[in-house]
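Both complexes shown next keep chain A, but they swap its partner, so chain B is in the first and chain C is in the second.
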Partner chain A sequence: MAHKAEDLNLPAETQILIAEAKPVDMPRRELVENNRDYNWITEKICGIVEDKTPTWWWVCISIAGLVATYTLAGLVYLVSTGVGVWGLNNPVNWGWAIVNFVFWIGIGHAGTLISAILCLLKQRWRTSINRTAEAMTIFAVVCAGIFPLFHVGRVWFAWWLFPLPNANGIWPNFRSPLEWDVFAVSTYFTVSALFWYMGMIPDLGLLRDRAKSLWRKYFYGALAMGWRNSARHWKNYEMAYLTLAGLSTPLVLSVHTIVSFDFAASILPGWHTTIFPPYFVAGAIFSGFGMVLTLMLPLRSVFKLHDLITQYHIDCMCKITLATGSMVGYAYAMEFFIAWYGANSFEAFAFINRAGGQYWWAYWIMISCNVITPQLFWFKWVRENTTLVWVMSLFVNVGMWFERFVITVTSLANDFLPSSWGYYSPTIVDIYTYIGTFGLFSFLFLLFLRFLPLIAIAEIKALALPQADPHNEDHPLNQKSSK
Partner chain B sequence: MSKDTYGIIATFDTSPEIYKAAKEVNKAGYSKFDVFTPFPVHGIEKVMGEKRSTLGSFTMIGGLAGFFTGMAIVAYMNFDYPLIVGGKVIFGPIFPFPIFYELTILLAAFGTLGGMFVLNNLPKHHHPVFEYENFGASSDDKFMIVIESEDPKFDESDTSSFLEKLGGYDVTAIPHKSETK
Partner chain C sequence: MSNIFPEVANKVPRWILFGLTLKVLAIIAGLYYYFTPSYTRAGYQPVQPVSFDHSLHVKQVGLDCRYCHTFVDRSEHSTVPSSNTCMNCHSVVKADSDKLALVRESYQTGESIEWVKIHDTPDYVYFNHAVHVNRGVSCVHCHGQVDEMEEVYHAKSFTMNFCLDCHRNPEEFIRPVDKVYDLQWEPEDPEWEEQAQAFVHDWKVMPPESCSGCHR
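Then we have the complex of A and B:
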């Protein structure tokens, strides 16, 4: 906490100096506004789960469920008819399926970054958004997993990807980045789910303690594992939390690195570059924060969470979007530079073709959404206009989808031999399968909002409220007389 | 002492109060006591006389198990059915490194979560403190201390007055479950 100069008992000359210099009093921005107490946070967050189900929730989940059936229908049609129903053909054999996979996996990265790296960096503002962002991660990976699973062609043999004995007596090829991906993505999903669940145990205990109906007592009781807020338990719990944050940190960096190896380990111009791992990771975090903003801003106004998700939180998220967006912009520029500097005519062609070839429109959508849009976050008035921030976050989502489209399709459509060039277009099945995953994502997310605490209650009490500090006896809420 | 009480519980309102109370209880020589707080109160485990958590060993075991499981999988499968691809060796530590890496993280994470449960003796859905009717408030905004009857220094009246002196209120004896039925 900021101390006033006159409270510090400084020597007289220092005080004169301070009076002359008039240092600006810059207190830290509050993480929870309006001086809320513990009980207010409990009631606020638990209320969302415990109150009567709002009508809008039923409307939204019905629509989400309906849209999710598009994916189901698309996949049933694919499996019953054959992979030919997708727009894949020589030379473009990686189309929307891979684009959508990388898109959804990337979105997940913001959740892991918030829960892991920002935890290690002691960024206390993360406590207001980490639970929702982690949920977003898990549901995004669920959506991502669908695409490569069905892209294998005969999905009933997808278990051959895992090192399990099969009738052929052949094992997976561990030299392939695609096989690394199997391990990376499944580990990512599992560890994210473990972290999410462990963070939720104390809050599930709180919901159990407040439960009135029998099903709630059993549901939350079973999930809370008998948690009883013992300080001796908190000690191990906090250590476990920190350790999981430490373990997830290399995971944030490795998952998209390995996804980028799927491209970079090939020999195709435009893919075979060493910049891919950092470029993909920065892009993933960028797209993830785009999605976090897309989700958090409506939640904030629907559930009236303005005291918990303040302008400060929005500023922080916008600034991370700006930073990662600038990294992505730098990577785009550097790709062009290396294509020229490397003096490889195929590489040079690949990039000129991206910007001015048959997919020029996709490239320029990508540039305007990913490079130009986030630069507006330099301005305070932009960050303070919630509607504008929300619209810009949608642009980020769109732009990052197009980035994956540009990378995947342009390199494949125009490779070494002009005689084998082609033009890729998705079919209606591709489009419906992809749109359906938004329904699936929303469906899972709405279930989460209804049944689980959407903000980490214990964490926000401990880290964002000044009265939680055991040495802050002067805080008005810690005075006996205030009761 | 008395076999029909599990312990004596006292409630506090603020984080600094519980911190001081926990310090005093430990200073007074009690060892079998516990503090229940709605969130981890920073540093309270130290003044309670707790040592650093040994959770790291579980993570370590998990991580090593993951690393060597990954290595064993790749080595066994490549010698069992050698796939000569890209002129690479049948087995080496480099090309399958992502497998070791991911499995290290995966099993270390399971070790961490599992270790947290093992060290905390959870899941345990029954515990005498749940018998105290106001116990639920300790997950909302109240802070509680329980001194167990098994503590050698425990004395029903002395301990109660000690907790009251520390500023605790609603000082109550928690019965063992068998006694309430």
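Then we have the complex of A and C:
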């Protein structure tokens, strides 16, 4: 909080210095603009769910549903014919399926970061975006889960991944990171879904109380689970929310760490590096915020949410994207440095081959999208140009997909023995299955927009509005020294 | 909002949870019982074209397994005999029996009798009869008391667990090599356990437990 210099009781010399430097007093930026009150927020968010279904929603969900059938068709064809319909070959045994898995699971990370870590760090600005980001997380994990599930080959035996006693008399290989992945991702999905749903209960209670048609009363009534807004309910709710935030915090780091182990625990040059866990986590948050921006900016203008999702929120998201993007850029540079410094010819070749080998185009798409794009977020005018930010967020998504492609495919295609080198390209089935997951994601997301409150109403009222705290002066905008 | 949920609705979540748990448990139990080879395979007893009575041929006639199933000790595959083998005796014994009409026909035409295969390991399993019988693993462990069967049936489950039970603890199943074809053999020596362990050690019985041991 920016206190005025004379309030701070500083030594005389310091006060003179400050008087000379004339530091700019930077006021807190408002989280809800235009002095909106409680009622406006309620009407705004509930209106999205309660108003007549807009035509664009029907158009979009029809297209999304249609596109989602690509995945269904791709998978049916895959299962009925065999994994040969994918472009996998020897030596490239991991292709688009694994790339897409890591891509989607990475996108999910922003949701947990926003809901857990930013909650514990008391970042009030998260309230405007956390609900949507959590929904995005869950739908992204759903899309992610499809790929490894079908990559096992005989999908009807996928339950063998879980340590259940079976007629084979064997357990899964607990020493394999792929097995840890099963636990990491399923835990992540469960905790994220719980967090999302539990955080929504007060708002579902609100929707229930406003419901006019009978089906709404039953629908929201059942979902609200008897929420009565009593002090005891709130006490339990707050405690449960904090507990879940505490539980999810390590998950933000652990899930993508374990995903990176899938690669790092092998001995393949280009995979076998200790930098992978932090590098993957940074990349995941980077891609997650890219996706949050991609989704939030159109939502903001379609539903006219400019007072709730302000320029301040966009700034914050851009800055996190910039920070994590820079970490990813640092990791790319460090990989090259270690490849040279480690003096291992295979390692050196793996990286030179990435940048200049048969997949050079993928590498340079990755570099330009992930390293160059976010650096533009240093500039205020870039962050304030919403269209530009949205386009750049698309680049981030593209770049992070290519990062996973580069890591997975280039390392496998050219390993130790030139005699076993190969080239991988996806088949039409790979492509359709992947495109279809965007349809599935959009389909679920559109359902979410239409039937559930897309902004945490109760939370934004309690944390973002100065009216919520008129006496204690705990709210930044109420503190005496602020403007 | 008027109260549209009756008081009993408070119990619904508990019912749902209870019902779901019950359902999941029932499904798992059902799968366990009906979908594993101990149900799907054990007990399979097809009607064979010629009703060959194993118990009669082993117990009354005193045939050794290898009289018909030649090469079981020399090959990965244990052969089903051709009708020539049957006719060694049946050209004289019960030469006119109606039950043997198919055998005689097969003998004359040279076309095989179409026996129904009972014990069938999947194509992805490599199983070698010779290495088992030559290291003291008796027929009875996998095929059951065939010497007592009037009509052969699938006695054991043939799950992977079934194979691994023995591969993990061979000393519990091994027997002297000359007793492999004696399906009635039981250890009588009180010190058999030590002897069995000695056999496993001395004969270098090292059953593979790695995937590629059987799934080559």
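Assume the second predicted complex is superposed on the first by the 445 of 483 C-alpha atoms of A that agree within 3 Å, B and C clash if a C-alpha of one lies under 4 Å from a C-alpha of the other, contacts with A are read in each partner's own complex, and residues count from 1 in each chain.
Note that in this section contacts are C-beta pairs under 8 Å (C-beta built on N, C-alpha and C of every residue); 3 or more make two chains touch, one makes a residue touch a chain.
Model, not experiment: these values are computed from the prediction.
Model built by superposing both complexes on chain A: chain B and chain C fit together without a clash. Counting residues of chain A touched by each partner, chain B versus chain C, the larger count belongs to B.
With both structures placed on the common chain, the touch criterion links A:170 to chain B and to chain C. After superposing the two complexes on chain A, the angle subtended at the C-alpha centre of chain A by the centres of chain B and chain C comes to 90 degrees, rounded to the nearest 10.
Of the two partner chains placed around the shared chain by superposition, chain B is the only one that A:184 touches, whereas chain C remains out of contact. Once the two complexes are overlaid on the shared chain, A:218 sits against chain C while remaining clear of chain B. In the superposition on chain A, contact of A:85 is made with neither chain B nor chain C. Looking at the shared chain after the overlay, A:228 reaches chain B, while chain C stays out of its contact range. Of the two partner chains, both chain B and chain C are touched by A:209. Touch criterion not met for A:152: it reaches neither chain B nor chain C.
Of all Cα pairs linking chain B with chain C in the superposition, the shortest spans 5 Å. On chain A, the surface patch touched by chain B in one complex and by chain C in the other comprises residues 169-170, 209, 221, 225-226. Those residues of chain C that touch chain A in the shared complex are 1, 4-5, 10, 13, 36-38, 157, 159-165.
Listed in rising order, the residues of chain B touching chain A in the complex are 13-19, 22, 34-45, 48, 50, 53, 55-56, 59, 73-74, 77-78, 80-81, 83, 85-86, 88, 95-96, 98-99, 101-103, 105-106, 108-110, 112-113, 115-117, 119-120, 122-127, 129-130, 135-136, 138-141.
Across the complex, chain A meets chain B through its residues 37-39, 42, 163, 169-176, 179-180, 183-184, 187, 190-191, 194-195, 197-198, 202, 205-206, 209-210, 221, 225-240, 243-244, 247-248, 250-251, 254, 258, 261, 458-459, 461-462, 467-473, 477-478, 480, 483.
Those residues of chain A lying in contact with chain C across their complex are 166-170, 208-209, 211, 214, 217-218, 221, 225-226.
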